[in-house]
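Chain lettering (A, B, C, D and E) follows the sequence in which the chains are written, and residue indices restart at 1 in each chain.
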Amino acid sequence: MSFLNAADMTGGYGKADILHGCTLSVEKGEIAVIVGPNGAGKSTAMKAVFGMLPLRGGSVTFDGEDITALTPQQRVRKGMGFVPQVNNVFPTMTVEENLEMGAFIRTDDFSHTIAQVYDLFPILKEKRRQNAGELSGGQRQQVAVGRALMTRPSLLMLDEPTAGVSPIVMDELFDRIIEVARAGISILMVEQNARQALEIADKGYVLVQGANRYTDTGEALLADPEVRRTFLGG
Amino acid sequence: MDVINALVAITNYVIIPATAYGAQLALGALGVTLVYSILRFSNFAQGDTMAFGTGVVILITWGFQAMGISFGPLPTALLALPFGIVITAALLLGTDRVVYRYYRVTRASPVVMVMVSVGVMFVMNALTRFLIGVDQINFDDGARFVINARQWREMTGLSEPLTLRSTQLITVITALIVMVALFWFLNRTRTGKSMRAFSDNEDLALLSGIDPQRVVTVTWIITGALATIAGTLYGLDKSFKAFTYFQILLPIFASAVVGGIGSPVGAVVGGFIISFSEVGLTYAWKKVATYLIPGWEPEGLVQLLSTDYKYAVSFTILILVLIFRPTGLFRGKVV
Amino acid sequence: MIRVDNLVKSFGGFRAVDNASLEIATGSITGLIGPNGAGKSTLFNVIAGVHAPTSGRVTMDGEDITGLSPHQLFHKGLLRTFQIAHEFPSLSVRENLMMVPAGQTGETLWNSWFQRARIREEEAALLKKADEVLDFLTISHLKDEKAGNLSGGQKKLLELGRTMMVEAKIVFLDEVGAGVNRTLLNTIGDAIVRLNKERGYTFCVIEHDMDFIGRLCDPVIVMAEGKVLAEGSAAHIMENEAVIEAYLGTGLKNKVKSDEQAEVMADESHGAQPGLGDEAGTGEAS
Amino acid sequence: MSASRQPGETSALRAPLFFAVLALLLVIEGVTSGWNSALGILNMGLLSAIMALGVNLQWGYAGLFNAGAMGFLALGGIAPVLISMPPTPGAFRAGGMGLIAAFAVAIIALILAAQVWRKLRIRGRGLLVTLILIVGFFAYRGLFDPAVAAIEAINPSAAGNLGGLGLPTLVSWPVGALMAAGAAWLVGKTALGLRSDYLAIATLGIAEILVAILKNEQWLDRGVLNVNGIPRPWPVPYEIDLQNSASFVKMAQGWGMDPVLASTLLVKLAFLVLFLIVVLLLIWASQMALKSPWGRMMRAIRDNEVSAAAMGKNVTRRHLQIFVLGSAVIGLAGAMMISLDGQMTPSSYNPLRYTFLILVMVIIGGSGNNWGAALGGVLIWYLWVKAGDWGPDIMTMIAAPFPDGGLKEHLVDSAAHMRMLVMGVLLLLVLRFSPRGLLPEK
Amino acid sequence: EDVKMGVLLGFTGPLESLAPAMAAGAEMAMKEVSDSGKLLDGDTVTPVRGDSTCVDAAAATAAGETLVTSDGVKGILGAMCSGATTAVLQNVALPNGMVMISPSATSPALSTVEDNGLFFRTAPSDARQGEVMADEILEKGLKSVAVTYTNNDYGKGLADSFQKAYEAKGGKVTISAAHEDGKGDYSAEVGALASAGGDALVIAGYIDQGGSGILRGALDTGAFDTFVFPDGMVSQTLQDNFGSEINGSFGQLPDSEGQGMDTYLTMAKDAGFDGTSAYSGASYDGAALMLLAMQAAGSTDPNVYKDKIMEIANGPGEKIYPGDLAKGLELLKEGKPIDYEGATAVNLVGSGEAAGTFREIEIKDDKIETVKYR
């Protein structure tokens, strides 16, 4: 059984289902990337995995335990971390407070982790006394990822972490993601910068209309001309 | 020219009462500000919560008095205060459970929350009256004065009296302590920060492992405490009457908004601005002028505005402040 | 032509745009790139009238448009999209588009009572146009959905769609690409080129996707720390050392630093010379 | 407040159903408590509906949280006093000119100050403006005070005010709307930049100021001394006249009705017809506007002002327009209410009744939906009135099982407060089970 | 037959604290009559309460409307404040031909209002009290006073009539400033009053409303030593809360000499409410008047018994005091005339309002003491 296994998820926001039997799984220390057209249900699937969407069918197991019925904050305590696609910072709190909030469930001294995040995103250190709502789009994105890293999760879920960040920061971010994965943390992320993402992915999912269309290793997907043309922009 | 008497007159009729009144407004405004900044709505039930809390305190005070318990020179009500706080906080938590929680979970828009709080206001209003009736109640015991007019005259030989009531002193000190404590709590403690985080972005707070129920519980407990403290001090200083606690809601909101709703320091500063403008701008300077300019007995009252318009004054100030600083003096929040 | 002279915009003491001067030539698709926090969006917002500049001047075809409000600029043919999508959540997707054109007869109260026939005619035409745009953006199946329920990328498309509802002179696009599927982004790119060629729109595009910039834009302006760092053709810019250092980086490096080292360096660089350039410096040092 | 409003599936039958329920309630009221009572409730309910329509324009269409309905209502209410009361003999001669001069001075001083502030770019203009304002203020008081004293000295126990123009009361309705609109324009110019709750508090304050003026300016409307005997609008007759008219009495007896009852019913029906015409006209106009591109534009502005501005909509102008319009409708209701009551009592304006209750009507009815606002207006007024009746009954029921004595007595004595409780609980129930109102926006 | 009587008072709103004792007074009279079994054909009397809210004319009208049309009352005791009273009178009582007796609406304007002989009040017009108060103050040798009044028609009417009378007789009013009831803080008002100065402060307000706040403030700051209390201020509460601090102050209230009030107070005490509360006695009298008039007219039809009210109130005949209602009913049944005196020495003048004898009081040794009547 995989470390995270979300099987056959079905559900949506209102009456109509968005997800139709979508399945996602990640092994320990693995990077899994979800790609797909806009509105395919990628974010919805992520929310479903995190318990923010009522499921009509399917189950989620994490670390061998069935967590389908847990609330999001219980999942956080189990070791899951999530960066949503939008609204992913606390706008009227400072950058530093945002990071502190990321470490809310931690009782140990987390100053070291903060230092690591500042190291990863130096601009945040410079802006640490500024409210996150006053940052530029890309800076905000960095805060969001930094906040999630603060939890020191065993599974990190990222919904388009690189949207709006500059190439250099994106490279840095991907570097860090690889590094995090090597440390044994599983990564599940949605990306539109799909080619870069799939390059580092152990596993790739192509989601279309709430269902799995292709599932393969990152390399294999990149090599598939059909996938490249229809989903990765040629 | 009699500068001393003039100064004493101003102190006695403007500075002391306005400071005490300002502190009373500030305490109320702190409650409004807290709910606004954490739970994101204007709580119109605050005034009636204050009335309810005070009602409970009065009942307990009577109980104590009947048992012969007193608090030395301080009002017995202060002894009863902790009990009042517990009961009021329990009521608020109950209200949250049966009323507010649903709207929080369904993400109702703030104006729906405001309307809900109006509903709660109606209910609390009735509850308070069931509890303690509509009559005016004086429950102030202990030493009334720190300095009273006679002592002052004897002490100084001045013709102008000066008085300072003990409740005035207690109120001002309490307001300042509460302000500092609240500021420290929200900005420095883990719980306080998690409350701000919750108010900023509820979903993300959830994703950070912050327990929303705990945040809400703490918020209501503090609100209950603030309301009871504010209401009791107000009642001690003036007297308790359920109806006035609805009336005071308006200046309380004005204070919170002038200061910048959501900011504890703003609430206190706002309270003083409102009280000083109400008392100061409508003060009749005739007496002071007579002291300062000997031999001149002014015909009129040398009054800028008649006291009829004192509320107009505070609201005009409110509007002026908002025009030049649209989110209040201390940069409040906007939901 | 838009011309920006010595523009400064400060927030408190912080100069987000620091004495920037640039030109956007009529008929061009000008790219605007730069590290996060370089001041690109702020520059857009000043030009588009959302923020008043601290100092400096903006002219459009020789006419001073500094400090005009957004709706006035709209009427001058200056349109913009937002980096964080600003849809009208309770309006349907179609209504989001139909509300755009200015001077609709039915926008006057009086007419809404007494000019019903004319309004009906206009509405029919608008509806047709909106549906065309939606078709183009591949979201026509969502036309009756409330815009608030769209996915992140769909909202971005809607942003672009709105600029297509009127005859614009110049359109400012703030990261239309972020969060948009690359295949679709290519389509959007084609549309931009077509609008530029066929309808003579001028574009100014902020984007972090260098493929997109490279394919579309000429010239490209690079901003950093509120200033204009470089300007030229895309190819030219991508060779520029300073730009590579500050913005582009050198691709995947798979560098693994020890944390202690990183901390020391981060502290040093912060103390020595705050700014975005350090980031690249750190990278090189390892 | 940028809450996104989610769509809800609402049946097309919902509105007719609720109106049918409302009608049924009124019929039951008519049968059990008499038609006079039912019509009385309906008439005031229709006025409330007009107020709710005005607030709905502002809140429902444009998201402007105006918590100052009371002020505009009160302002509209002095129109009948100034238009349809007979003039106080000698009052204008005594102080009219003085008043006009005082206001002229005030306006000139304000304009001058504004011009100096805007046009002059010299140092110390702040000081100059302050100086102009101070001098202006004293000049104004110098002219104003004696004029007021002169007017208030005339027959103070019955008049003491300027009186009115003696024109038909119907004329005062649009005038009330205009007066409220004028005040709203001034308020809007200064306060509309404020967001959500800030605007609410500011308007709440402005309403207090307006009412304070009405309460204290005796020369205008006798202040707290009230104005009585305001004429009824054409064609509403007086009951006494009807009862004294032989033909009417005969007619009533012909229908088998008590002439007194017939006369009171007829008067209420006449008001009802007038009010109904106004309500329907307003709903028609609002619906047409809402369905047109204008309504779409307003909803867009409400959803997202920044974006609407970028799409070329002049947000400030639109806000001002709708604020003025909404206030005018509220002012109209104010004037109509005074001509229904036949008297102007400035101290009766309290925010609970005239601001919060109206907001409750709009929210419960369904903000953004005109039919909803109208429904809310009548329904909530019905409940408000009935809650006063039911309260004691409920209380007696509650108290019944208790033994006689202190507690029981206390409970029964507290019955009057049941209105608040019933109202609060009802409000909470509706908000709980239909948070977007009974007739949600489509 | 069961005769229903409306008790339309401001149970909620600014004067909500006065209403219970008034209602209790009125209902006591009704119970007395009902229990006696002597009204008409042994009719019983049932009170029906309505909430006039004091300030909300529309709500008062609606409540009145309900009383008349749905409860079918035969007379209304109320309303409480002058504004609400006028509204109910013009919109309900007049059109429906209903008798209304207000125990507490004191506005001079009500003297001249058109009422078809349906409206009466057992409270005197404020105009009269103003004169009495002016005389009293001048007799004490106080040449200048400051005045503060509750900002409603009662307070303003009283303050105006007082000022007119006082200044006509050579006194000087240094300031006449309103205060709003129901607000908590009166520092601004007290400051202005203190600055204006004067030999005494006239507080034309309510003791359990703003009047108390003003008095507290003026005492605490030492602004005035002597106070003048009109009717709204004189009550047990005044003595209880301020007794020791206001020795030497004085005032007056519409009240009558003699046994009526004493009896009433005892009766009220037995019934468990405070009979000294303002207008409580007047409420009893209002209710009693209507019921006695019914007996005299032999009909519960308001249009019939309205003509008997003045007759009953002003005599001649045997004097009827509280507790004597049964006797009164009996006498009337026998066709003998009565003169209803009641708790407040009822004597209606003009178009049906209390002529008003006033009781002058002074605070001596921490107690309210009656000085004389005038």
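In the analysis below, a residue touches a chain if its C-beta (ideal position, glycine included) is under 8 Å from a C-beta of that chain, and two chains touch if they have at least 3 such contacts.
The UniProt protein names, listed by chain, are A, C = ATP-binding cassette domain-containing protein; B, D = Branched-chain amino acid ABC transporter permease.
Note that the structure is a prediction, hence the values are computed from the model and not measured.
S.K.: Relative to chain C, which chain's C-alpha centre is the most remote?
M.R.: E
S.K.: Is the C-beta contact count larger for C-D or for D-E?
M.R.: Here the pair linked by more C-beta pairs in contact is D-E.
S.K.: Taking each chain's centre as the mean position of its Cα atoms, how many Å separate chain D from chain E?
M.R.: 32
S.K.: Please work out the Cα centroid separation of chain A and chain E, and write it as a whole number of Å.
M.R.: 76
S.K.: Using mean CA coordinates as chain centres, what's the gap between chain A and chain D in Å?
M.R.: Chain A and chain D have C-alpha centres separated by 53 Å.
S.K.: Could you give the separation in Å between the centres of chain A and chain B, each centre being the mean of its C-alpha atoms?
M.R.: For chain A versus chain B, the centre distance works out to 46 Å.
S.K.: Of all the residues in chain D, which ones touch at least 2 other chains?
M.R.: 5, 215-216, 417, 420, in rising order.
S.K.: Residues of chain E that touch two or more other chains: which are they?
M.R.: 16, 20, 151, 178
S.K.: Touching at least two other chains at once: which residues of chain A meet that condition?
M.R.: Touching at least two other chains: none.
S.K.: Sort out which chains touch which and give me every pair.
M.R.: A-B, A-C, B-D, B-E, C-D, D-E
S.K.: Spell out the part of chain C that touches chain A in their complex, as residue ranges.
M.R.: For chain C paired with chain A, touching residues are 11, 33-42, 83-84, 139, 142, 149-154, 156-157, 175, 178-186, 208-211, 246-257, 259, 262-263, 265-266, 269-270, 274, 276, 278-280, 282-283.
S.K.: Applying the document's contact rule, which stretches of chain D touch chain C when the two form their complex?
M.R.: Checking each residue of chain D against chain C gives 4-7, 285, 288-289, 291-297, 299-300, 302-304, 306-315, 321, 325, 441.
S.K.: Quick check: in the complex, which residue numbers of chain B touch chain E?
M.R.: Touch residues, chain B against chain E: 9, 12-14, 17-18, 21, 24, 134-136, 138, 144-145, 148-150, 152-153, 161-163, 165, 234, 238-239, 241, 243-245, 247-248, 275, 278-279, 282-288, 301, 303, 306-308, 310-311.
S.K.: For the complex, give me every residue of chain B touching chain D.
M.R.: Within the complex, chain B touches chain D at residues 36, 42, 44, 99, 102-103, 106-112, 114-116, 118-127, 129-130, 133, 246, 250, 253-254, 257, 261, 306, 308-309, 311-312, 314-316, 318-319, 322-323, 326-328, 334-335.
S.K.: Given the complex with chain D, which residues does chain E contribute to the contact?
M.R.: By the definition above, chain E touches chain D via 11-12, 16, 19-20, 49-51, 55-59, 61-63, 65-66, 68-71, 82-84, 86-87, 90-91, 94-97, 107-109, 112-114, 116, 127, 151-153, 155-157, 160-161, 164, 178, 272.
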